[in-house]
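One chain, subunit A, appears in both complexes that follow, with subunit B as partner in the first and subunit C in the second.
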Partner chain A sequence: MASYLARRIAQMALTLFLILTVTFVLVQAQPGDYASFYALNPDLPPDVKEQMRATFGLDRPVWQQYLIHMRNTVTGNFGVSFGHFPRPVLEVLAERLPRTIVLFGTATAASVYIGFLLGKAIAWRRGGLLEYTATISGTVLFTAFTPAFALTMIWLFAFRLGWLPVGKFLDPLVWRDADVTSTSVFSFMLLTAVAFVGFAALVLFISGRGDRIGRRWPATLALAAGALVAALAWTLSGIGPLALDILKHMVLPVATLTLISFAGTMLLTRNSMLETVREDYVTAARAKGLPDGQVRDRHAARNALLPVVTSLIYSLIFALDGSVIVESVFSWPGIGLTLLEAVRSEDLPLVMGAIVFIGFLSLLSHLIVDVLYAYLDPRIRYQ
Partner chain B sequence: MAEAGGRDSAGGGRAAPILRVEGLALRYLTRQGDVRALEDVSFALARGESLGLVGESGCGKTSLANCLMRLLPDNARLTGGEVLLDGEDVLLLSEDEIRSVRWRRISLVFQAAMNSLDPVYRVGQQVLEAIEAHGVETTATGGRERVARLFRLVGLDAGVFERYPHELSGGMRQRAVIAMALACDPDIVIADEPTTALDVIVQDRILRELKRIQEELGISIIYITHDMAVVAEVTDRVGVMYAGRLVELGETASVFGSPLHPYTEALMSSFPSVTGAKRPLASLAGEPPDLADPPPGCAFHPRCAHATALCREQRPPRVGLGDQWAECWHPLAADAVPLGGD
Partner chain C sequence: MRSWSTRSPAPGASPEPRGGGLGGGRLRLLQARARLALRSFRSGMAVFLESRLGLLSLLTIGVFALMAVAHPILMGTVWDADTYDPVTGYAFDATEQPAPPSWKHPLGTDPLGRDVLSQLLSSTRSEFALGITAALVTVTIATTVGAVSAYYGGLVDSFFMRFADLVIALPSISLLIVLSALFDLSLFYLALVIGVLGGFGGTAIVLKSQALSIKVKPFIEAARMAGGGQFQIIFVHIVPNLLPLSLLYMMFTVTSAIFAEAVLSFLGLLDIRMSWGIMIHTANAGGYLLSGTKYWWLVFPAGASITLLCSAFYLAGRALDEVVNPRLSRRDG
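Let's look at the complex of A and B:
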């Protein structure tokens, strides 16, 4: 496993290098550079413009820029953003990347979860009303034009009904008197989520070790207590309303993304499960006298999960790709929107930085899914 | 009715039957029409007895096994009969009640070739799952000890608990499946082609062990197979099925020694005998009938050398000779007498 991981990481580095090179060429292929935005500004004397170009290194030959850039990237120096001057690229990304990860992570988790639940339900009971409703609405949503559907959602829930904010990350009115930054509140929220997931995993692990068969309440109680403690901590901290504001802004984009993509997982789960229900181990599970739900979940659906996990790679990468469109429509200040702005303004260091991290995330999620797959299917072992 | 009573005592010679199947009929609804998978199947199984069910593929052997456990597909319809387990009709039980019959009272040994072990769980876990589902043990340690005992019983190493099915050989998998079938101390084990996928040596060893376990635990076993050698080796009585009907039933030795039904004879002459005289193998001409549109009269008449006009028109009566009976107009033993009740 260790040598496998080492090999995979080396491949990832090579892939990243190729991505970076291609991106650099593409940005260079655009006419002009960052300074040319100021070329037509009559208030700037020509020598100031030249000085700007010299400061950013844009006066050097392209190959030199490329080499300098690559050297800096390798040493972890992503430079300074032109557009957000003088903030370093890393600082801009550190603020925006988590927002994208949380938004799309939540949406992907929700759509895979809902898709899997619906998929296994409609495969288990064929021909019901649920099957027709879920299949038709899921397919319609799946094939809908993303920006149009996102705008419809905004129109309906934010404009007509007024239930949710139109877009953006937070409401300035709520934050006017706040003495904390949105980034730190967001970090706390993230920390809480991670801590709770870790706690839940620990509780489930410990309860699985117990000797009594079929006793569930201690684990449920522990989880409820954990949730209560977290809720209490947030209420007492005084920044609860701020976190709530961020959550409110997340609802619409997450719902939109989930609705658009759940059908993919649903139809895949359904097809995969129509295969597994015919397997002999499912008959064997029924013959063993297991309750219907256990036969479905532990055997039929558990095995149907394997191809679904493979498809997770595509959904994750699709989500990162789609972040450019969805974040623009919802004005969500994540990495997609940042990338779009940076490309438009030829903010070369920021484009490169954003691409490095998007590429890295794609490759990392690919690796995680592969490892997860080996964990879920004992027949697969890497060496 | 005296004869009918005598017929029943064929199954209950040793003790009161644990299982009695009466007039069982099953159909599958298909687009081509109803397939009559089982017609009027009746037999009894005594405690500790081993019964063989033989016949060609598609004769209804597996459908019969599935009826006993009520593991039927959605398009199956039971159109008659009863399956009495200790006097209680399994076919009338609710879905919840049948769950406690499955594995607890009647369990199944699947073919090794069939993937009856779930590939993503450890073998021991899958045995444990049955134990937990029926509350046979209440603690995890108790469950694990029970699995270890079962593995010892079938000759498996305790380490197999932590192995995945793909890490085991065919013979080991088959032993694990047998251990699984015994997990909840069932009264009856149905072994559906238990050794078909194994090589002859492993097959023989597994059969011997099944027989030893059966004697040790006093369970009844129904062997479903098309392999006459298996039947001859391990069963007390044998039932021969053709086109969804039980056409002959009796002590294994007498059915093999002097079959009453021409189909039984044809089936046996298509198998080589190791100990008997060398003879050419006779293969039975023709195909089993289409059960969506079975021939009138005796279903075997299109392939039968002894068929007459009577066979083509009317259902054959049940004729008996001692404990053995067959459904035939022209039984091979002249001294077979018609049985009442039908």
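Let's look at the complex of A and C:
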């Protein structure tokens, strides 16, 4: 496992190096050059121009600029954003990163889980009404033009019915008297989610050790206790209403993203299940007289899970990539919207920082899924 | 079958017998090949038409193709350019813009007084041009890369496959947005970029694994024994056998190209005269989208066209999959 991990991290570093090179080449290849871009920008005071010149090495030969670009990226020095003037690019991106991760992490988890449940069900009972409804509606939603669909959702649920807020990620009236920033609330939410997932994994691991079929209540009880502790901590901390406000704004984008992307996982699970139900061990499980649901969930679906985990990479990258569209429609100020705004206002340092961040995030999710996959399927580890 | 039995298979002999056997034999060979191609086309078509969705998607694509052809004809005969030009026209007959559908303007006009039907039809043509260009670029690159890395293996193979892994991991929409910030992306360059991204990415991996299974077939061995050169084996013997699968991936590329164009146009980042995405962008910029169903003709035709054409190409690809994929196909490939 350790050598596999080391190999994957080395590959990832190489890929990141390539992405950095590509971004550098792109900047060099654009019409006009970076140096005159800074020099001609009337919004920048002379001392900042001087500082920029030093940061990016604009008066040096190209190969030295390339080395400086590499060093800057490794040390996280992307320069100063034009659009958010005195603030460094890294600070702007670090503020927006938790928002993107919270939104798209939730949406990906929801869509993969729902897709897996539906796919499992429609493969088990073929030709039913559920199969036709789920397949057709899933495909239509999958191919629907994302912005138009998202706007329809906003029009229906926020504008016409008025159940949910129209856009943005918080309500200024709720936050007026708050003495914490939204970024720290987002970070706490992320921390809670990570802690809970870790706790759940631990509980399930321990309860799986003494594998006694049919006795699931201790694990369920422990999970419920964990959730209760988390809820209590949030209520006592005093920022509970703020988090609730953010959650209320999250419902619509998360629902939209889930509806768009659950079909991919669903169809994949269905195909993979159709192959596993023909295996001998499924027949054997049936012959032992196990209940139908247990054969489906514990024998067939577990083994159908592998390709679904592989596709998780594509779901994550799809979500990250789609973040630009969904964030712009819902005015959710995460990394995607930052990239778009930076592109529109020709804020080059921020554009470069954002694309490097997005590339890094997609590589990181790639790595996490790979490790998960190697854990689930030992054949990968020993290759 | 070239006349390899009469030639001595000496290593290093001139690999290309082209021009040597021109005459009756060559003609008969071409005839036999044409007959074979026709027969496999017919049986493939039969499998393709068996799936209802395949037929339906083919019909949808046909209707859109007719729409693309109809625009220049209508502009030349019935519609005058001052009123009906998709970009510069103005409907002087309407009292307020956007005007609801009427006999003169079957789909109404947009907030700038331009005829929506004319915009819709003229965009269809550019969507086809974009999709087909991108698909051709993708398939040319992916087929070549797949065949070459399957044939040589080793370092070439691992280079191209690692590169494909990298391209897959790239967030393509974000990359296109950055490119649109740095360069003026016209329709042609957009098609080129999408094609290159697709060609070096996942499509290359799929075509390579198919090429691997072709590489070990006896006729490749025979061609090598006959003294066929590397390029001849790759481009005359391996690539033609990859073409059915390439065609399948052309379909999927068309879908993703049209979708990417629509998204970028919707965000207002492209240097294009008119497209479905720009139509929705115009309606959205004027704030007409949140009025719900009142101004339906501004959004619905363009949005439905994007969804329909994308899913038609996607479903046609799925139906084609039944024909060319040996795992799903019932006939002997």
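Annotations
FYI, the second predicted complex is superposed on the first by the 324 of 383 C-alpha atoms of A that agree within 3 Å, B and C clash if a C-alpha of one lies under 4 Å from a C-alpha of the other, contacts with A are read in each partner's own complex, and residues count from 1 in each chain.
FYI, contacts are C-beta pairs under 8 Å (C-beta built on N, C-alpha and C of every residue); 3 or more make two chains touch, one makes a residue touch a chain.
Everything numeric here is computed off the predicted structure, so don't read it as measured data.
Once the two complexes are laid over each other on the shared chain, residue contacts for A:Thr15 go to subunit C alone; subunit B is not touched.
In the superposition on chain A, A:Asn303 contacts subunit B only, with no contact to subunit C. In the superposition on chain A, contact is made by A:Ser362 with subunit C only, not with subunit B. In the superposition on chain A, A:Ala121 makes contact with neither subunit B nor subunit C. In the superposed model, A:Leu97 makes contact with neither subunit B nor subunit C. Of the two partner chains, subunit B is the only one touched by A:Gln294; subunit C is not. Contact with subunit B, but none with subunit C, is seen for A:Tyr281 once the two complexes are overlaid on the shared chain. Set against each other, subunit B and subunit C touch different numbers of residues in subunit A, with C touching more.
Of the two partner chains placed around the shared chain by superposition, subunit C is the only one that A:Val351 touches, whereas subunit B remains out of contact.
Comparing which residues of subunit A touch subunit B with which touch subunit C, the overlap is empty. Within the complex, the subunit B residues that touch subunit A are 69, 71, 95, 99-104, 107-108, 110, 114-120, 129-130, 132-135, 137-141, 143, 164, 166, 180.
Partner subunit A is touched in their complex by these residues of subunit C: 162, 165-166, 168-175, 177-183, 255, 259, 262-263, 266-269, 280, 284, 289-290, 292, 299, 303, 306-307, 310-311, 314. Remark: subunit A residues 210-214, 279-281, 283-292, 294, 298-299, 302-303, 376-379 touch subunit B in the complex.
The part of subunit A that touches subunit C in the complex is made up of residues 11, 15, 18-19, 23, 26-27, 29-31, 139-140, 143-148, 151, 154-155, 159-160, 314, 317, 320-322, 324-325, 328, 336, 339-340, 342-344, 346, 348, 351, 354-355, 358-359, 362-363, 366.
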